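The following pair of complexes shares a single chain, chain A, combined with chain B in the former and chain C in the latter.
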Partner chain A sequence: MLFALLARLGQMVLVMFGISVVAFLIFFATPGADPSARIAGRNASQETLQQVRHDFGLDRPLPVQYALMMKRLFVTRDLTSFVNRGQKVIPTVMNAIPITLSLVCGAAVLWVLGGLVVGVVAGATRGSYVDRGLMMLGLAGISMPVFWLGEVANLVTQSRWHDTWAFSWVPALGYVPLSVDPWGWFKALVIPWTVLATLYVGLYGRVLRASLIEMMQEDFIRTARAKGIGETRVLLHHGLRTSLVAFVTMFGLDFGALVGGGALLTEVVFGLQGVGKLTYDALQTLDLPMILATVIYASFFVVMANFVVDILHAILDPRARDAR
Partner chain B sequence: MPAEPLLEVSGLTVSFRTEDGLVEAVRGISFAIAPGEIMGLVGESGSGKSQTLLALMGLITSPNAVLSGSVRFRGQELVGLGRRALDRIRGRDMAMIFQDPMTALTPVHTVGAQIVEQIRAHERISPRAARARAVELISAVGIPAPADVAGRYPHQLSGGMRQRAVIAMALSCNPALLIADEPTTALDVTVQAQILELIGRLRDEFGSAVILVTHDLGVVAEIADTVRVMYAGKVVEEGSKRDLFTAPQHPYAWGLFASIPPLEGARPARLSAIPGTPPRLSALPAGCAFRPRCAHAHAACAAMPALTGEGGHRAACVLSPARRAELLAAGEARS
Partner chain C sequence: MTDTTPPLPEKARAAEGPWATAWRRLKRDRAALAALAVLLVILAACLAAPLYATYVSGTNPFATNLNGTITVDGKSRDVLEASTEGLGLGLTPIGPTWQLGPYMLGADNQGRDVAARLLYGGRNSLFIAGAAAVLCLVVATFVGVVAGFFGGLVDTVLSRILDVLWAFPIFLLAISLSIVLISQPLLIGPFEIRSGSLALPIVIIGVVYIPYVARPIRNHVITLMKSEFVTAAVGLGASPWRILWVDILPNVVTRIIVFVPLMLALNMIIESALSFLSIGVQPPDASWGTIIQDGQGLLYSRPAVALAPGIAIAVTVLALNIFGDGVRDALDPKSTVRIG
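What follows is the complex of A and B.
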């Protein structure tokens, strides 16, 4: 177990290193990305440019620049943005993390519960109207673009019906820290959660239904039925329990990607200054330090999520436990 | 046979809606089993043995399956019985051992937990006591270190161990009827012998009846009281073990039992091959389904022969008893 943990840590460092190098190189290979021109301002003279290049170490060879940047990112932690002068990268990312985590965790609770209910009910009533209705709703949820759904939600709750009894509780767009005002935090996030979860409820519901139906054809389900334990128990304790392995794997990957910045559209629509929004802005302005910080952060979460998935996988599936 | 049957099957039919139309896998079979009776059920692959057993247990769940006929267990009709009532009988009074031990157990639960689940579904008993019972059962089926095995997952056990675990589970509530679908096919000879002994002991100790499907006539010779031979979804011959082994009546049974040495003696081979292939269920010949492969087929065989005979030894063939005796004596049946 300890060995597995260490191997994982090593793997994580490698992945983060690789991704940061790639991001770094892509940046320098991008035409028009010369940071010194940005930093110095539009009409700066050649001398100023030289000066800026020298000050920021941009005249050094690339490996040295990379090492310097990593040092300022991780060791001294005083790397500043190329675009917003003086904005320290690390604290900015640190401030964005709780926002993204709040958004994604809340949505995850909703979509896991929703996906389980939809998948199990549809799978158990396969072919019925309930099943068909749920699958149709799921498909609708999957096909609605998240920003469109978000805009509609905003339109309804922020302007159209904001003054009616139904939505007068909805606060203005933005984030309220959990530590400051838990109820305000909840109110600010419940609509973003629902919007972000809609897609995944549909997706997870459909996937779970398919895997449950497949599992229920297995021989061991017949054995379980022959035991006289009742269909509910057969369905949940044997069918669902074996289907969960795939469900959890999928969840871990999606969760990691979202926490790593994939909830970008939801963050933008709801004015949440999360990591996704940060990455988005940094990419727009080609702000190399910020890009590096967010990309490394994202890779950390993706690898972490994989790790957690592996652990859950081992807990849920004894065969995977022994395979290691 | 004693008067009161434990299980009474009549006109049981299992058909499937397929692309070729309605296909009958089991075609109206009837039989009865007395308490403590061990019935051997033999027949070629695809003759409907497994489907018959699954129908008895109410385990045919395919939406394309159509089931008709009657299955009475201790006088209670099981066909069409509600799920709750059925679940009070299944696993407790009737239990089944499945054909393939490799896939019969849920991979994510320990063997012990799966046995405990069945015991606790039918008896008010503490988890601890159920656990102890499960370990006892695992030990009783001849698995060494039962407490250890109870904590293992199916994939950590060999095929033989798994099959024995499935048997332990089936025996957990001392069923009055054990339905075993080729319980020993996947196992090596020594394990086979142990499992047959176990099944015999179940009958001796608890008076349980057993339906045993097998391809191995040696197993039938060793353990069965009565034998039924199935062909294309029908019982074509039934009788006591002695009847079948010493004087088979149906030409198909002649083929089956031809290569079998006498009841006592060396372990016989598996079912001997019979020339020709089993008929496709979607295109069964009218009348006797064995007609295309039968050396004695004639015009009268185009009408469906009924099971006839005396003293419980009956065969579904139009040949007269005298003609059959003639053929048998001439050795033609054993060629």
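What follows is the complex of A and C.
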């Protein structure tokens, strides 16, 4: 077990190294894409270009550039933005993390609860109109682009029906820190949470339903029924419990992907200054160090989430321990 | 009740092939057939975009029309009217007329006909989704089959590369590639790709999903290689080439077909997201994502501009997902391909 854990850790470090190399190569070594031209701005003279290239170490060989960049990103942590001179990249990203986490954690609570309810109800009423209706709704949720759904939510709650009793409580777009005003924090985030969770409620509900239906045909369910346990208890205690292994795996991966950049569109639409919005703003100004930092931060988050999921999976389901 | 007459002997008939079985199953799935019909209608409407622009809307959906006027209910109106909200400053594009004719869904803030742009944008959205799906499936099948079939070092190298790409958050990978590639023309050998070319979103979207398809195909090929009919073929002295073509590929094809509608749905969503972030389809071309972006500034005054393309995306993707479910159930009921 310990050996497997260490091997998995080593693998994680390798993948992270691979990701940092890929991200670096995309931004600094794509054929025809000269980063110094970006930093110097449009119509820069050759001398300026040379100067910029030298200042940022872009005239050195690629491996050296890579090492320098990683050193400034992780060791000295003094990488500065190309656009807003003097703005340090790492602290800016660190300040944005609580906002992204607030958004994703709240949405996660909603989608786990929603997914459980939808999946269990649909699985228990398999084949009925309730089941079909829920599955259709779930599919509809999966099919809407999240940024568009966010705009529709804004249209309804900020403009069209903002003056009615239903949505007059909705504050203007933006983030309120939890430590300053917990109730304001909740009010500011509840609409973004709902929008972000919509997709996942559909997804999780469908996956859970399929898994429950498969589980309910297993032998141990028949045994449980033969023991005289009530149908509700069989469903919730025996069927659901085994189905949750797949649920947990999916949750870990999706949570990691969302914290690592997947929430970008939601943050942009609702004006939340999280890591995704940071990436988006850096994207508008082509601020390469900022983009590199957010991309690498995000990838690491995803890799870590994968790692945690594997461990959890091994704890929850003993069969998975020797499979790898 | 005693019925002692023996059953009539069935006519001997050739066993039904797998394709016929799948087709029979699909034909019984009414939801999937309805979804297919919706998809065909959307496709036909988008292909008819030039006809709509010429005969119905009568305006050029790619040219700004800031000073135009149209006649609605016998009254002449400016395409960009003086704003009636707030201080009355600025211009608001004309809203939907809801009549078959010019500006049925209103104008965007450059005075262009939204309905006509919607149809032209749909062409790009569908074309990019389709081309990216083809690219992704071809490359992923090649990589997956090669890795699974040859195994050993080839498999190790390919699998590790896929692992790294897989761990890269897909959305960020697409964004990173887009930023670098779209900001300036790209030279690959003798080919120059214009920065506004549709080829860029196609390649980017096609590439980022390769690991998601290649991995299951590789695993499937490895399972097939261990199956009894492959062992039998080896025992009969079949060459590796023949095993690949006769035993492996036909079994992989059904898996790939199951992926097609789901890939199209995923591609539509990611294309709209990239275009919305202005790193997908570049102006003057339109796609459903760029039109939503055009409509963002007009959201509270002229919501139709942003609502219409979003509804178009949602309906198309929903139909693709329903059809995809049907295809999967028909071809490969046991597979657990995940949407999303």
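FYI, the second predicted complex is superposed on the first by the 296 of 324 C-alpha atoms of A that agree within 3 Å, B and C clash if a C-alpha of one lies under 4 Å from a C-alpha of the other, contacts with A are read in each partner's own complex, and residues count from 1 in each chain.
Keep in mind that, in the parts below, a residue touches a chain if its C-beta (ideal position, glycine included) is under 8 Å from a C-beta of that chain, and two chains touch if they have at least 3 such contacts.
Being a predicted model, the structure only gives us computed values, none of them experimental.
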{"item": "Superposed partners chain B and chain C on chain A - clash or fit", "value": "fit"}
{"item": "Touching partner for A:A226 - first (chain B), second (chain C), both, neither", "value": "first"}
{"item": "Touching partner for A:D281 - first (chain B), second (chain C), both, neither", "value": "neither"}
{"item": "First, second, both or neither for A:I26, with chain B first and chain C second", "value": "second"}
{"item": "Where the C-alpha centre of chain A sits as vertex, the angle toward chain B and chain C in the overlay (nearest 10 degrees)", "value": "80"}
{"item": "Chain B versus chain C as contact partner of A:E218, first or second or both or neither", "value": "first"}
{"item": "Which superposed partner A:D310 touches (first chain B, second chain C, both, neither)", "value": "neither"}
{"item": "After fitting on chain A: smallest Cα gap, chain B-chain C, Å", "value": "5"}
{"item": "On chain A, the residue positions that both chain B and chain C contact, one per complex", "value": "none"}
{"item": "Complex contact set, residues of chain C against chain A", "value": "160, 163-165, 167-172, 175-177, 179-181, 183-188, 265, 269, 272-273, 276-277, 279, 289, 292, 295-296, 299-300, 303, 306-307, 309-310, 313-315, 317-318, 321-322, 336, 338-340"}
{"item": "Chain A-touching residues of chain B, taken from the complex the two chains share", "value": "54, 57, 59, 61, 63, 83-84, 86-92, 95-96, 98, 100, 103-109, 117-118, 121-122, 153, 155-156, 166, 169"}
{"item": "Residue ranges of chain A in contact with chain B within the complex", "value": "127, 218-220, 222-231, 233, 237-238, 241-242, 245, 316-319, 322"}
{"item": "Residue numbers on chain A that touch chain C, as the complex places them", "value": "15, 18-19, 22-23, 26-27, 30-33, 37-38, 139-140, 142-145, 147-149, 151-152, 154-155, 158-160, 199, 203, 206-207, 210, 257, 260-262, 264-265, 268, 279-280, 283, 286, 291, 294-295, 298-299, 302-303, 306"}
